[in-house]
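Read from first to last, the chains carry the letters A, B and C; within each, the first residue is number 1.
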Amino acid sequence: MTVFKTFLKILNKNKFIIILYTVFLIGFGGFNMQTSDNSTNFVASKPDIMIVNYDEEKGITKDLIKYITDNSNIIELNNNEEAINDGLFYRDVNYVIYIPENYGKDFMDGKNPEIKIKSTGDYQSSFAEMLLSRYIKVANIYQKSIDNEDELISKINETLSKESEVEITSKLDTDGLAKATFYYNFASYSILACLVYVICLILSSFKDIKIQKRTIISSTNYRKLNRQLLLSNSLFSIILWGVYVALSFVLIGDVMFSNQGIIYLINSFIFTMCATTIALFIGNLVSNKNAINGIVNVIALGSSFLCGAFVPVEWLPDGVLKIAHILPSYYYISSNESLKTLEVFNLETMQPIITNMIVILGFSIIFIILTNIVSKRKQKIG
Amino acid sequence: MFIHNFKYSLKTLFRNKALIFWTFAFPIILGTFFNMAFSNIESSEKLDIINIAIIKNDDFNNNEIFKTAFEELSDKNNDDRLFETRYTTEEEAKKLLEDEEIVGYMKLVNDEPKLTFTTSGINETIFKYVSEEIAQTSNIIKNLSEEEIKKEMIAGNYNIDYESIYNNVIELTEEDDVRLNNVSNSNLGYTMIEFYTLIAMACLYGGILGAVAINQNLANMTNQGKRVSVSPTSKGKIILSSVLASYITQLVGVALLFLYTIFVLKVDYGNKLGLDIALAMAGSLAGLSLGVAVATTIKSNDNVKTGIIIAITMLGCFLSGMMGITMKYIIDKNIPIINKLNPASMITDGFYSLYYYDTLDRYIFDIGSLLIFAFVLIAISYISLRRQKYDSI
Amino acid sequence: MKNIIEVKNLTKKYKELKAVDDLSFEVHEGEILGLLGPNGSGKSTTINCLLSLLNYSNGSIKIFGKEMKPDSYDLKSKIGVVFQEVSVFDELTVYENIDYFCGLYISDKETKKKYIEDAISLVGLEDFKKFYPKKLSGGLLRRLNIACGIAHKPKLIFLDEPTVAVDPQSRNNILDGIKKLRDDGATIVYTTHYMEEVEILCDRVIILDKGKILAAGTTDELKELAKIEEKISIEVNDLETKYIDKIKELKNVDDVKYNGNILLITYKKGKNNLVEIMEYLKENRIKYNKIFSERPTLNDVFLELTGKELRD
């Protein structure tokens, strides 16, 4: 009971730090993903394009603008070069098209006027360039044989209106799942940071030399003390996990009630337990209170960056992912990622996820054993 | 006295392990993480080769335009290659799609492409768009050939060479005469911002050094400060030498980070290194003034003060894009005043403007606003430092 | 006799609370003056006012005949202070700490070096020069704290409870050191709440409570203030009440208390009391185990003056 009471006291003292990590989680997990409608129809991706038109908006110029507008998200920025350059750099706009003065007239005169563009060089901008080139190419071809502007425009549009038929096979709510995966991936950071920070502080308080002297001579042996500490720490972990899960229901909604939702819960629960054992291990190893803050940041940030809690896994270099295999977060995040596309639930499809869970549990057992070895050794030294 | 105190201030700062961790080691560690996580992002945003399948039915085998177009777009020797194409049966294609080996497959029905995907996305959109483009080209060829034939017939020529008309039209469609001129600025590596915020963080964290060094001299803050206060030394001299010592320590830390980011992480600062160094020095001064202001105006122990400086720094870095690069842009676009008051953002923006822009207007504004920030905080600290006696200690 | 410190009507208020209340006293050259009082009686506040660290509401302070101000560098250079809290840098070694603080007073390198060595040998830290404060025991840390305050050989030294939480060996070392400083010609103001120390060490004592001077004088003068001259305590089992009343009527007896198995008798005058009480016990065949006789202490003085114990 004393263990538990002291625990609560220390917890209360450090509630600020717990709130901080939780705010991070809500801030990023909730804010980073805006939902679009989750229809099962095909939704074409649209690049963000800005058009700067120095020509009169009529005839072929007007039609070009209309075609681009229909196939992209038009971005309106202040028409000054600094705003445009900033927009490009921060990928607010992928592609900027400058239509020159007298474009329409020059085009009809067969001069094939040059168009200036600015591009970010990513796939969005490549697609934007496809759109623009497509229109000009078709227009160029027809222009050679058609002189009448209206006829030309209607021919261009007839050609460009030919669309392919598309069928979507997946019935998954991809947006919702992506959001849930992002949230739970990020949660690995919050859980790890919170648990390591709080548990280390608590253990170091218990290890305060005077207390240690007392517990060593008291009838409570170190194994029992460790067990009591493990119990109260686990209780704290479970509460933290519960809060984060409750938050996920609020922030993500629907998806959490599906089959995938249940696996997100189980997966995060196992990870929370593993994080608790890591925290206990570090807490037993490190006794300097000042060092804790640094260690928390290095461990939590390190494993989050390496395993893809912040940056999508598919963007991480292979070398980094290889290193990440030695961290439990990797297996946790990899399960979350595979949930994004998992449609059929049976033993065969679930196998990678189950393997990951077993690996995480294996990590937990290793950390428990290490913790016992460390605290036994410390016991002897006194 | 000045040198004596200066020497010992340096000694106490460099031997304080927690301080050195936060101001020297932590930014370097964080930078290494950034490098590991972000080194691939920009290249993974380039258009990748898209894996697709095409159903090999009679429709496709007989459609020359589609056949040649996809052959060309899948040709490994073509610079503009878009696809890695497999020609399969419908069954095989379905299996490939299920296993996520391909993003989708195309089936020609009556010369009309019919596409199947699992979901919507940019690669799917491009596949769809290209298939449409090919269908549209067929449409143009059909339209133009008909037109030509009509012309020939109107001209009374009934001995029409269909073959040559067709070839002429195809030639016409293959002429690539789209004239685009790319005038973008060259340095578009936006992950650089992450490293710029990192330098900003290191500059502001340096304030912790200033706070600790100054507190060592203040009777109302530390016990050592009481000792210093009862000694026959002028307060101004002592504080000045402590502040100088912490500024130098801070600059050593920022310089190490600079060297590390340039030589190990290969961060690109543009080509005006002298101006970068000036910016880092002004940024460090802003950090120092923040530390001194916190140290002199808030009465609490070192840990609380360090906590406050870390909190202010992290908030500033968050707003200037450390945890998501777009954050800085959103603030700049909507509430620019916040970032003009935020030293982390001014430092980041200064490096950004040196990297991305050729002109210096923006850089000069940034460095000026950092200096004003530092000046205001130092003035505030001065008022509180002028007190020689305290109401309570 | 020259006055090193002259304090007149010193008053320091924290809002409504008067921490120091109309205090006036002098410190004579070459003496050790003890400021004795319980925690919170205003000892440290008085010293901080004297050192010009704290603003005070009223009164005047003169040190070496001049008014003390924050920029009285000539006065400050002759003063040494040992604060109640250990005020050293964790990042500096024992030697470096003393060197730093001594260096704020002495700029000549050779002199400084000699002074530091003197200070180290005075407090007996010769074997610990290269140690960091974290590695020192509480007693050694206190000694370092003292060395930092007195290394520059000041004429006037303030010692604010330098022996709190110190083991007996270090305490003796510290007290010897302080005597040596006085013998070398320094004037010392020593605050404490241990009356034993005051009795051993101080030439003159001022007793403070709630910011006011309760009494001042040499220890013997102060002990006069206590109405008793001798205390005798006897360990005796099951004493009948009638005997207690009888004892009260014996010669010189001021008061008798019987708690548990200790009989405590206080006397107004201190002659032959022990012989008389032993004879009385023998006559009445009262068996006893132990018997002690004590002279009154400053604690008794304090008890007499305030009705409460010095140490709470």
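We take it that contacts are C-beta pairs under 8 Å (C-beta built on N, C-alpha and C of every residue); 3 or more make two chains touch, one makes a residue touch a chain.
Computed from a prediction, not measured in an experiment: that's the story for all the values here.
Peer 1: Using C-alpha centroids, which chain lies at the maximum separation from subunit B?
Peer 2: For subunit B, the chain whose C-alpha mean is farthest off is C.
Peer 1: Hey, which pair has more contacts between C-betas, B-C or A-B?
Peer 2: A-B
Peer 1: Compute the distance, rounded to whole Å, between the mean C-alpha positions of subunit B and subunit C.
Peer 2: Once rounded, the distance between the two centres reads 66 Å.
Peer 1: For subunit A versus subunit B, what separation do you get between their C-alpha means, in angstrom?
Peer 2: So the centre of subunit A lies 16 Å away from the centre of subunit B.
Peer 1: Flag every residue of subunit A that touches subunit B in the complex, lowest number first.
Peer 2: Counting only subunit A, the residues touching subunit B are 28, 32, 42-45, 82, 85-92, 98, 112-124, 126-127, 129-134, 136-138, 140-142, 144-145, 155, 158-160, 162-170, 172, 174, 290-291, 294, 297-298, 301-302, 305-306, 308, 310-311, 314-317, 320, 341.
Peer 1: Taking the complex as given, what residues does subunit B use to touch subunit C?
Peer 2: Going by the criterion above, the answer is residues 1, 4-5, 8, 11-13, 15-16, 216, 219, 222-224, 226-235, 388-393.
Peer 1: If we count contacts the way the header does, which residues on subunit B are in touch with subunit A in the complex?
Peer 2: 17-18, 21-22, 25-26, 29-30, 33-34, 36-42, 44-48, 97, 100, 106, 112-122, 124-126, 128-133, 135-136, 139-140, 143-144, 147, 172-173, 175-185, 188, 190, 323-326, 328-329, 332-333, 352, 356-357, 362
Peer 1: So in the complex, the part of subunit C that touches subunit B is made up of which residues?
Peer 2: Counting only subunit C, the residues touching subunit B are 14, 48, 51-55, 70-71, 73-74, 76-77, 79, 81, 83, 85-89, 91-92, 96, 100-101, 103-105, 107, 148-149.
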